[in-house]
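First comes the structure, then the notes that go with it.
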Amino acid sequence: MISVRKLVKRFGMKTVLRGLDFEVQPGEFVAILGPNGAGKTTFLRILASLSRPTLGTVSVDGYRLPDQAAAVRARLGVVSHLPLLYGDLTAEENLRFFGRMYGVSNIEARIIEVLEMVGLASRRRDLVRTFSRGMQQRLAIGRAVFHDPDVMLFDEPYTGLDQDASAMLDDVFRSVAAKGRTVVMTSHDLMRAEELATRFDILSRGVIVASATRKQLGRGNLLTLYKKALAD
Amino acid sequence: MQSKPLTLKILDIASVLALAIATYLALIYAPEEAVMGQVQRVFYFHIGTAWTGLLGFLFASGLGITYLVKQDLKWDIAEVAAVEISAVFFFITIVLGSIWARPIWNTWWTWDPRLTTAAITELIYVAYFMLREGIEDPDRRARFGAVYTLIGGLSAPITFLSIRLFRTIHPVVIGSGDPNAQGTFAMTPHMEVAFFFGLFAFTIIFIDLFWNRIRMGQLAAKVEQMKLNLMH
Amino acid sequence: MAADQQTSRASFMKAMFAITWKDLTAEFRSREIFSAMLVFSLLVILIFNFALELDIATRQSVTAGVLWVTFAFAGSLGLNRSMAIEKDRGCLDGLLLAPVDRSVIYFGKVISNLVFMLIVEAIVLPVYSFLYNVNLFNPGLWLVILLGSIGYIAVGTLLASMAVQTRTRDVLLPILLFPVAVPVLIAAVKASEGFLAGSDFNTIYAPLSLLIGYDVIFIAVAYMVFDYVVEE
């Protein structure tokens, strides 16, 4: 589904990603872990087509970036740590706007469906700036799945959420992933990642230094893997 | 970095010589103008710097477009060099124009189309540098710089045209390069020599400064690279 | 093929108006941009009254100038706020993620910015009329205001998109915009004066065509370079 070969990203003279290789099969849920500055957000932005690769190839569902970016975008749902929502619009107006931008048919029906899915049906006519952070994140996920994308990218989605909000987000994640979507998530939160993902990749200094599937790892071993990978 | 190429060293000497000769021609060789007196000599330098400054600015726009197409930072270094030198040349133009205006028209400034456009273009230069100053990422800095020189390069000639056409209270007074225009002065052959040599001299000086400035830019880039290498 | 072109043009329009609609709806709720622009305009007009003690005859002749200075300042205020909203909550990314041409964002924003500016102008005109006893019920004048605003907003939206991504964001937009928008001001003031004084069409024709020319050129250029300004 996602295929990345020898990806290099430079900002002027600073190299952030150094020849990264990355493969994701349809339906996998990959958690990318790593310390600050490793390049996780940069990598995700490139996958999201928000940033161009300096060298290397990136393709999503067979479409290459950056040449076929529009085709890629139509198949992607992105949730960042910023909600990307308009505070002065209501929940349903936000969804309607993005529905129009993505050319979704049956927008009104879809709005109801999605609001149900993220547990915000009762707040549909409320302005987003009155929402708590947790609610905004849930609506952000609603926005991201609105056009029924095959691939979802999450960049540190749990940032700034308390326990309850995080638990709610877990539920939403599970229902989203259950639909057979391909998911790539970056996170600081090893415990959460361990619960949700089917595969764990560790990114350090611009390359993937370790990768293990859930089966290979067994329970509770993620922390060990993480520490070991970074020690090298 | 290699030491200065021989051609450049020769050009350096040629520029200094050209400037010296031009000064001689302007101050001594050319006869005193009947109506305006000694201050008219400013004209020989004023037009030289104005002309080269303008060409430099248009050249910078071209370099900007080339950068956008080729995405190679070396075009950006060249563009900055061109803008910087044009900025200085235009400043000299403005100062000389003012010096000329004072005794002749008893005012430090005339809103003559050429002078006014030079002043506005100078402001565009200042804006250009302020824009670049506020950006960290070198690629973005280069892109924005290129876009702004393009916009500026298009609007400056239109500005000149609009002042010329619509601000009828302020006719073209200062040194139209065409001696037959609105009552400036007719040039004797000696004056013509001084005039054309002045143009030639400033073109040489521009190219010399431009080349040197590019080398400076390349050197600075190299230093940046070395700094980054040291940090890792 | 033709059907493809039809649908992509339709979705272009749809997405573009979605952005305009979103801006207008959000602004209708908060009235943040609008009130800032309006109050500022009225203050500027009042200040002119105190700064320039004018008799009735002189007042007539400076009306065009005062109006356009007011519009220019208020316009840049609105532009700044409009783009800052997108940048602050990361919403620009949300727009960039949509599978549409980047220019959709540009045109959508231009239209909403233009609407804000026109509404403010529509209010300022009667107020000015009332305060200074000048008849501004003049369709020719309105045409000039429309054309001038279009040119101003076309360049302003592009430059605001750049300014908002720099550190010095708030001060930078007027500095970038004013030197480049000078032709609009000159031509618009000239044409406005013409219509207000009831001059015959021949005198008004020239500045009017310059305005139209400027509008066309800069919309075309902005359309071509907008990608470079928003991509990374």
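Going by the order they are written in, the chains are A, B and C; count residues from 1 in each one.
By our rule, a contact is a pair of C-beta atoms (placed from the backbone, for glycine too) under 8 Å apart; a residue touches a chain by one contact, two chains touch by 3 or more.
Bear in mind the structure is a predicted one, so any value in this text is a computation, not a measurement.
Participant: Out of every possible chain pairing, which has the most C-beta contacts?
Facilitator: Here the largest contact count links B-C.
Participant: Taking each chain's centre as the mean of its CA atoms, which one is most distant from chain C?
Facilitator: Centre of mass proxy via C-alpha means gives A as farthest from chain C.
Participant: Which whole number of Å gives the spacing of the CA centres of chain A and chain C?
Facilitator: 38
Participant: Taking each chain's centre as the mean of its CA atoms, how far is chain A from chain B in angstrom?
Facilitator: That gives a centre separation of 51 Å.
Participant: Measuring from the mean C-alpha position of chain B to the mean C-alpha position of chain C, what distance in angstrom results?
Facilitator: The answer is 32 Å.
Participant: Considering chain B alone, which of its residues make contact with at least two other chains?
Facilitator: Within chain B, no residue contacts more than one other chain.
Participant: So which bits of chain C are touching at least two other chains?
Facilitator: 232
Participant: Send over the residues of chain A in touch with two or more other chains.
Facilitator: Touching at least two other chains: none.
Participant: How about chain C: which of its residues touch chain A in the complex?
Facilitator: 11, 14-15, 18-19, 21-22, 25-27, 29-30, 89-91, 93-101, 231-232
Participant: Across the complex, what residues on chain A touch chain C?
Facilitator: For chain A paired with chain C, touching residues are 45, 48-52, 70-71, 73-74, 76, 78, 80, 82-89, 93, 97-98, 100-103, 127, 143.
Participant: How about chain B: which of its residues touch chain C in the complex?
Facilitator: Chain B residues touching chain C: 68, 120-121, 123-124, 126-127, 130-131, 133-135, 140, 143-144, 146-148, 150-152, 154-155, 158-159, 161-163, 165-167.
Participant: Which stretch or stretches of chain A touch chain B in the complex?
Facilitator: 11-14
Participant: Would you mind writing out the residues of chain C in touch with chain B in their complex?
Facilitator: For this pair, the touching residues of chain C are 155, 158-159, 162-163, 165-169, 172, 175-176, 178-183, 186-187, 190, 206-207, 210, 213-214, 217-218, 221, 225, 228-229, 232.
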